[in-house]
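Before any comments, here is the structure.
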Amino acid sequence: MNSLIIAGLLLVLLGLAYQSGWSRGRGLATADGVKVHSRPQYHGSYVAIWALLPALAIIGLWGWFGDGITHNFIVSQIPVDAIQALDQVGLNATIARIKALASGYGVAGDVLPYEQSAGDALRSFQFITFLIVVAAAAVAGIVALLYARSRITARHRARNAVERAINLLLLACSGVAILTTVGIVASLVTEALKFFTFINPLDFFFGTVWNPNNAGTAGNWGSYGLLPLLAGTLMITLIAMLVAVPVGLMAAIYLSQYAPRQLRAVAKPLIEILAGIPTIVFGFFALVTVGPFLRDAGNLIGLSINATSALTAGIVMGIMIIPFVSSLSDDILNQVPRTLRDGAYGLGATKSETIRNVLLPAALPGIVGAFLLAVSRAVGETMIVVLAAGNSPVLRGNPFEPVATITVSIVNQLTGDTDFAGPQSLVGFALGLTLFVITLCLNIFALFIVRRFREQYE
Amino acid sequence: QSRDTIQIAGSSTVLPFASIVAEEFGAAFPEFKTPVVGSGGTGGGLKQFCEGVGDNTIDIANASRAIKDSEREACTAAGVTDIREIQFGYDGIVFASAASGPDFALTPLQVYKAIAAKVPVDGALVDNPYKKWSDIDPSLPDQDISLAIPGTNHGTREVFQLEVIDAGAEEAGLPEGLTEEEHTAALTTFRQDVVVEISGDYTETLARLTSNPNTVGVFGLSFYDQNKDTLKVATVNGVVPSNESVAAGEYPVSRPLFFYVKGQHIGTIPGIEEYVQFFLSEAAAGGSLEAAGLIPQPEEKTAEVLAAFEAGAQ
Amino acid sequence: MNPTDALERPIRLHTKDVTVHYGAKQALHGISIDIPDRAVTSFIGPSGCGKSTFLRCINRMNDTIEGAKVGGLIELDGENIYDPSLDVVELRARIGMVFQKPNPFPKSIYENVAYGPKIHGLARSKTDLDEIVVSSLRKAGLFEEVKDRLNEPGTGLSGGQQQRLCIARAIAVSPEVILMDEPCSALDPIATAIIEELIDELRENYTIVIVTHSMQQAARVSQRTAFFHLGNLIEEGVTEDIFTNPINKQTQDYIMGRIG
Amino acid sequence: MNPTDALERPIRLHTKDVTVHYGAKQALHGISIDIPDRAVTSFIGPSGCGKSTFLRCINRMNDTIEGAKVGGLIELDGENIYDPSLDVVELRARIGMVFQKPNPFPKSIYENVAYGPKIHGLARSKTDLDEIVVSSLRKAGLFEEVKDRLNEPGTGLSGGQQQRLCIARAIAVSPEVILMDEPCSALDPIATAIIEELIDELRENYTIVIVTHSMQQAARVSQRTAFFHLGNLIEEGVTEDIFTNPINKQTQDYIMGRIG
Amino acid sequence: MTDMLSTTQPSDERTRLIRASLARRHLSEAIFRGLGLAAIILALGFVALLFTDIVRKGIPAFTQSNLHLSVTFDPAVIDVDPAPVRTADQSEADFRAASLKWQRDVAMLNWNKVIEASLRAAAPAGFDIDTRQLLTIAETDARHRVRELFVNDPSLLGQTVQVDVLASANADNWIKGNINRDLGDAQQQLAAPARALIDQFEANGTITSGFAWSIFTNVDSRAAPASAGLLGAFVGTLWMMMVVILLAVPIGVASAIYLEEFAPKSRLTDLIEVNINNLAAVPSIVFGLLGAAVFINYMHLPISAPIVGGLVLTLMTLPTIIIATRGALLGVSPALRQAALGMGASKTQMVFHHVLPVTFPSILTATILGVAHALGETAPLLLIGMKAFVAAVPATPLDQATALPVQIYLWQGNENRNFFEPRTAAAIMVLLLVMIMLNGVAIYLRSKLEKRA
């Protein structure tokens, strides 16, 4: 409600400012003599920006400091002896009760008289401060409007100013990407640090047993060894790459070097469809089709393969990654200059000799980079593993057995019946951090390699 | 103007029951909207529940275990001071194996012997020697031991530990003179070669069973009920698990189910009281919940819970 | 050797009415020319006139270009090189090629030169191979400069050295004909001079066809010159004659710098 | 107008010791030249000598090239165009530019011409704008050909028409100077002739600077000619003098076709 | 020139050597080529396998058993006061209260009796089945359907009307044979009399099977699995995508413009660039963790709301859009830029008037692909509470909702495997259809763009 009022106010201010700047700029244009620098639209936008900023700043300041001020106000409303009788937890509870009273929510139990009066006082305090903030914002906006308007002259460079503002806005947008990273790191690190107050980091990073204890047995947190999860992750990734790399690479080679145009036109988008399929679909496919199939196939040849196992998840994940590998490889192969290929053909090399002896070695760094990117994707994949890997966080080397990965453990620990204040769920963030760091390193390394490769042939 | 939909989150065991009640509640009370039931586990639900009071916090947390003191403290610190506990029934936990396999009649002792990494033999703990069920007890099938039990992120695991393993260990008689740590270890260290811990849901356990038909899995009673065509249930202490046997207290492995209501939201968010009453009422919910596999609690217990709820903050 | 000798040498390559289409576009309109053995023939003409296209017809490099269609007759020693039964791989071993931009493989210098003999199975032993590599490098006038770093990557050489490496690579399979498409255009004058000298030496053993955009170069290195314009062969003959006494008006204009 | 008239016209553009560096490389070594009002001045010289670079200095298009650094003085009507307080956008409205390859915006013909007046706020109303568009197209000699399809995309025109469209677009903002960088190099002879005629007409109202690689063109359209070589201004003067009676040896060589 | 002799073998010796190796070389060529073709076939085979498998599993779920009942609104069972009629002196609020009270009274009736009676009426005379067993044939929402009919038209009291309701999920399983019909009583979900009656119903036309519209028109349901549908999840997904489009596209395009057109080359922009490339490969689940920590715990946005899902997916899609847009901007010919600048357009004007319009189609394509990817994303949503049971269509992005992929995940884990496995596959088919349509649009746009360029 309040925010609606504020938004409305800002809109009005904006319209007003634009209109006033515009008409002023327009007026300049009619007066002849000096050449007018900017068009009326720019003058309008200029004034609008000027008017908006102080108003926004005031509202922003209130958003920042308002809570603290309100808090102090509430404390001031509680009788001193009552405060002294309360510990920190009690005080917070009382404040929460007063806030609840003021906002119209009931509170449980009897309402103490001072709570009631504090609640009433808070309600009027909130109302008044709201009015003050709105008024201050409006006044600041209008003052700024007038100031900006007074600066408009024929030679005033409104366009440059507006463009600078646009520039800043664009800059801010590209800051979102930075903020995202900062957000990821900050949120992961703070929660992970909490986790490490329970569990020794060494036990986490080098522990070989993953057995977070049950929610019921407080004090005995269980074991949080990362290694079984890491091993599971690596095993599935390895299997996935064993599937995806040969198929993807050969498909890319065939499509880019051999396939007639029509086949390429059909096959390429069809393979790319694989890239568009949601991972949950792959997961379901793995669970209900691939897993049972592998189990039966294993039975036939006397192997005991679990329906949900590293193998199932790995194969399906490999399928998922095929288009990723193939389109990256395709790109890279196409970047190898034609002259190199011609050189080999000119010597009488066959097509496959050219590809194997010249093209691939030349493209190798780029392809390795592409594979690393694919690896980082496999490492971070979640849903296929959730559904098809069997979630068994035990350190063993058998791909026919279920495994658990980092990603799947994040999901399990954060959505299970775990104690939210204990390490059982906090470990999710430590795992997330680990995952983030792993993929970060892989990516940086891969990007580095790929970039070096591109430079070589630019 | 406040929110008009009741918001619920928490245990995935309670989720089906709560969802059914929510749906029926929405249908039966034209003036209220259908509550939203989120999952996220008992811990996740309580976490949201304890975030504070107000529109953007949930009203009810489903739990397959009782709230813990640490969680209560967190709640209080955030201003959630009026937490009303509602126990509404039981969840039966059963052992089931592939329908095509042999029958199992288990006791906690046998399960303990099958599962523990070390078992007491002649007053000393030795490495678990049993390979087949029939090694433990000749009455059991001549079949390799293989067990799929819930992972530690599940509430079910707690009951399993308490009612099966701890009980079995007691019967087996752990040697005297163990330190507390050794004692805990003896109870919680399982054989990794035959035991699989399932961190996913029961579908996962079912997949384990279908791929290795020798496996005995731990399921919720209601899950078993809906998949009788592929699963065969084992008796425990000779009792066949069923709604009746659990409700009567004959079947040993069960746990109470709860939800927690934020008292401070009553009267602000419309319909909370009605929802609770409806949940516990015989006519509307009882039938469908039972059909969905909830094991009802004695009527006196329900009356007691309802009375406590209506009486207000504890 | 006197330049006019080239006239009396036997014909190595014989082409008749060669046409090339790139998709719908016709790039060559019936080229007929005979190229003599052990002499340097140069193709000149303004940019886009089809010199490279014609050159690529001779060792069927146009096969690798999508949409390119070659018509007419090209015979090497009387054998139609577009005969379907002819193995193009073998053909290219007989007709080597050096490109405009030096394009050594991203391998060691040794491997660059050894690559051709290896794939064609020309060396029976490692010693054989070593010998071929050394002699090819020597013939390309590169051996002294690189003999201490045969195992370093070929891409680390200077432009002129790289181009000589490419020539050594082409020589290593002992081709009968060597085609060169503007082999010096990416090089500085000094490197150009070295290559031109090399071409002059090579002509003792090989039939050489060279495309160049520089009339001076054509005059310097070739015994015969063919002038192309807009996909047509306008005039061809002994180099001296072409430059001093062109018959065709267009050739005259080109040589005087009036067109192109 | 007699070509030599240009000598007596007032100076519009005055440059002194203009240098340009691209990164470490110096492309211009101190160019000083005065360009007279309402006449065509042409810059000639071999490729890479810095003609385009110098032209781009005049309307500060070099600002858009990363690493380009301009030194020296350039004055338009006595005003230093590199003065930091000068708005480059305004400057470019005063000094229009036509590029080597016709580059109409991928918009309608009308929009192409109307764009400049729109952003500079030159038209007060739609009618105003229409008028500007029509008169600019007319001045560029294009109106009759396109009047029925003003709303069709400008990219659909032929090369010569596109180039005239670009000229119309430049004229539409009523610039004082028009710079043209090889405006005909992408055109066929007929289109070229039309554009040259147009330039001749435009010179009545605009100061025109044209870069060309064709001496014939320079001779045909310009009153004054400047010869650049290796980043230096070698010689400049009345076109006739330069072509018939060059003072400098290098200029002579170039005009005789001996260098370049 | 002694070495000349040793290396220049006689021509025919050389030819012989070359010819000798040719067969082997051509064979290895053929093998290599075959491997490539095999890879293509394998990859395409996977696509085909996946699709046929899912379609085969999902198709049966699109038909569903319906019960055609003649329902009698028996006054003996429907024992309520007549519906309140608004009297002249009654205020609007009073009337509403009265009618709500009446509705609640109606709701409190045992409507199962009505259903039971109509089922018995449809059964052959004298068929022996107890009430509980009988009621397992109709889906549990049948009684609500009938009640709603009555609430909407109280005059039905005492009348008999034809009503179509869904057969229960277990009945549907029995009819389709999802459960092995030969299994014994103990392993069947339905009691023997119920199964027998269903067969008779099928024979006498009381049960027919028809297209399962409920999948598209209903929201999820736990109480009545047969009526569970995707509508709620679909709308939830739509809301999320709206958030993604409204945020990711402008922000993504703006950052791409800044980085490509305005940013001075500096350490900072290098950092941003590396950072964006990295973000593009950060696992989606990490974004889920971020969303849980920042949007829910810190900013207190509503849990399991499409707005939060949308925000998380926005952050996830952003790098993709930025990278694609930068690529598109980079491809704009310098001639166009020069033309604009030469006209005296400022850089900003150049970008917004000329460069952006030209790149619009590729930005659009990239956006569609990015959105399509976001559409199928599941893992991060699980961590921000979108794995909820929501029995309503979200009216705003702030309402609780699930999303299509999450609905698939939920159904995949439903206890009633026999019924929900096909239905999960059906939901996947719907999701895939949406994805393919989006991808198709993108490919179409791309080819159109390429043609124009």
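Letters A, B, C, D and E mark the chains as written, and numbering starts fresh at 1 in each.
Basically, a contact is a pair of C-beta atoms (placed from the backbone, for glycine too) under 8 Å apart; a residue touches a chain by one contact, two chains touch by 3 or more.
Predicted model only: the values in this text are computed from it and were never measured.
**Q** State which chains count as neighbours of chain D and simultaneously of chain E.
**A** Both chain D and chain E are touched by A, going by the contact rule given at the top.
**Q** Which chain has its C-alpha centre farthest away from the C-alpha centre of chain A?
**A** C
**Q** Among all chains, which one's averaged Cα position is nearest the averaged Cα position of every protein chain shown?
**A** So the chain sitting closest to the middle is A.
**Q** Decide which interface, A-E or C-E, involves more C-beta pairs in contact, and give its chain pair.
**A** It is A-E, judged by the count of C-beta pairs in contact.
**Q** Provide the C-alpha centroid distance between chain B and chain E, rounded to the nearest whole angstrom.
**A** Each chain's C-alpha centroid was found; their separation is 31 Å.
**Q** What whole-number Å value describes the gap between the mean CA coordinates of chain B and chain C?
**A** 83
**Q** Report the inter-centroid distance (CA atoms only) between chain A and chain B in whole Å.
**A** 34
**Q** On chain A, where are the residues touching two or more other chains?
**A** Each of 159-160, 287, 350, 353, 386-387, 414-415 in chain A touches at least two other chains.
**Q** Multi-chain contacts only, two chains or more: what residues does chain E have there?
**A** Within chain E, residues 25-26, 346, 387, 412 contact more than one other chain.
**Q** Of all the residues in chain D, which ones touch at least 2 other chains?
**A** 89-90, 119-120
**Q** On the basis of the stated criterion, which chains touch which? Give every pair.
**A** Every pair of chains meeting the touch criterion: A-B, A-C, A-D, A-E, B-E, C-E, D-E.
**Q** Mind listing the chain E positions that touch chain A in their complex?
**A** 25-26, 28-29, 32-33, 35-40, 42-44, 46-47, 50, 53-54, 57, 250-252, 254-259, 262-263, 271-272, 274-279, 281-287, 289-290, 292-294, 298, 315, 318-319, 322, 346-348, 369, 372-373, 375-379, 382-383, 387, 405, 408-409, 412, 421, 424-425, 428, 431-432, 435-436, 438-439, 443
**Q** Which stretch or stretches of chain B touch chain E in the complex?
**A** So the residues of chain B touching chain E come out as 5, 7, 9, 15-16, 18-20, 22-24, 26-31, 33-34, 36-40, 44, 48, 51, 56, 58, 99, 201-203, 206, 220, 222-223, 225-230, 283, 288, 291-293.
**Q** Can you list the residues on chain A that touch chain E in the complex?
**A** So the residues of chain A touching chain E come out as 159-160, 163, 166-167, 169-171, 173-178, 180-181, 183-184, 187-188, 190-191, 246-251, 253-255, 257-259, 263, 267, 269-274, 276-285, 287-289, 319, 322-323, 326, 350-353, 355-356, 373, 376-377, 379-383, 386-387, 407, 410-411, 414-415, 428-429, 432, 435-436, 439-440, 442-444, 447.
**Q** Going by the contact rule at the top, pick out the chain E residues touching chain D in the complex.
**A** The contact residues of chain E facing chain D are 265, 333, 335-346, 349, 353-354, 357-358.
**Q** Give every residue of chain C touching chain E within the complex, in rising order.
**A** 87, 89-90, 93, 119-122, 131-132, 134-136, 138-139, 174, 176, 205
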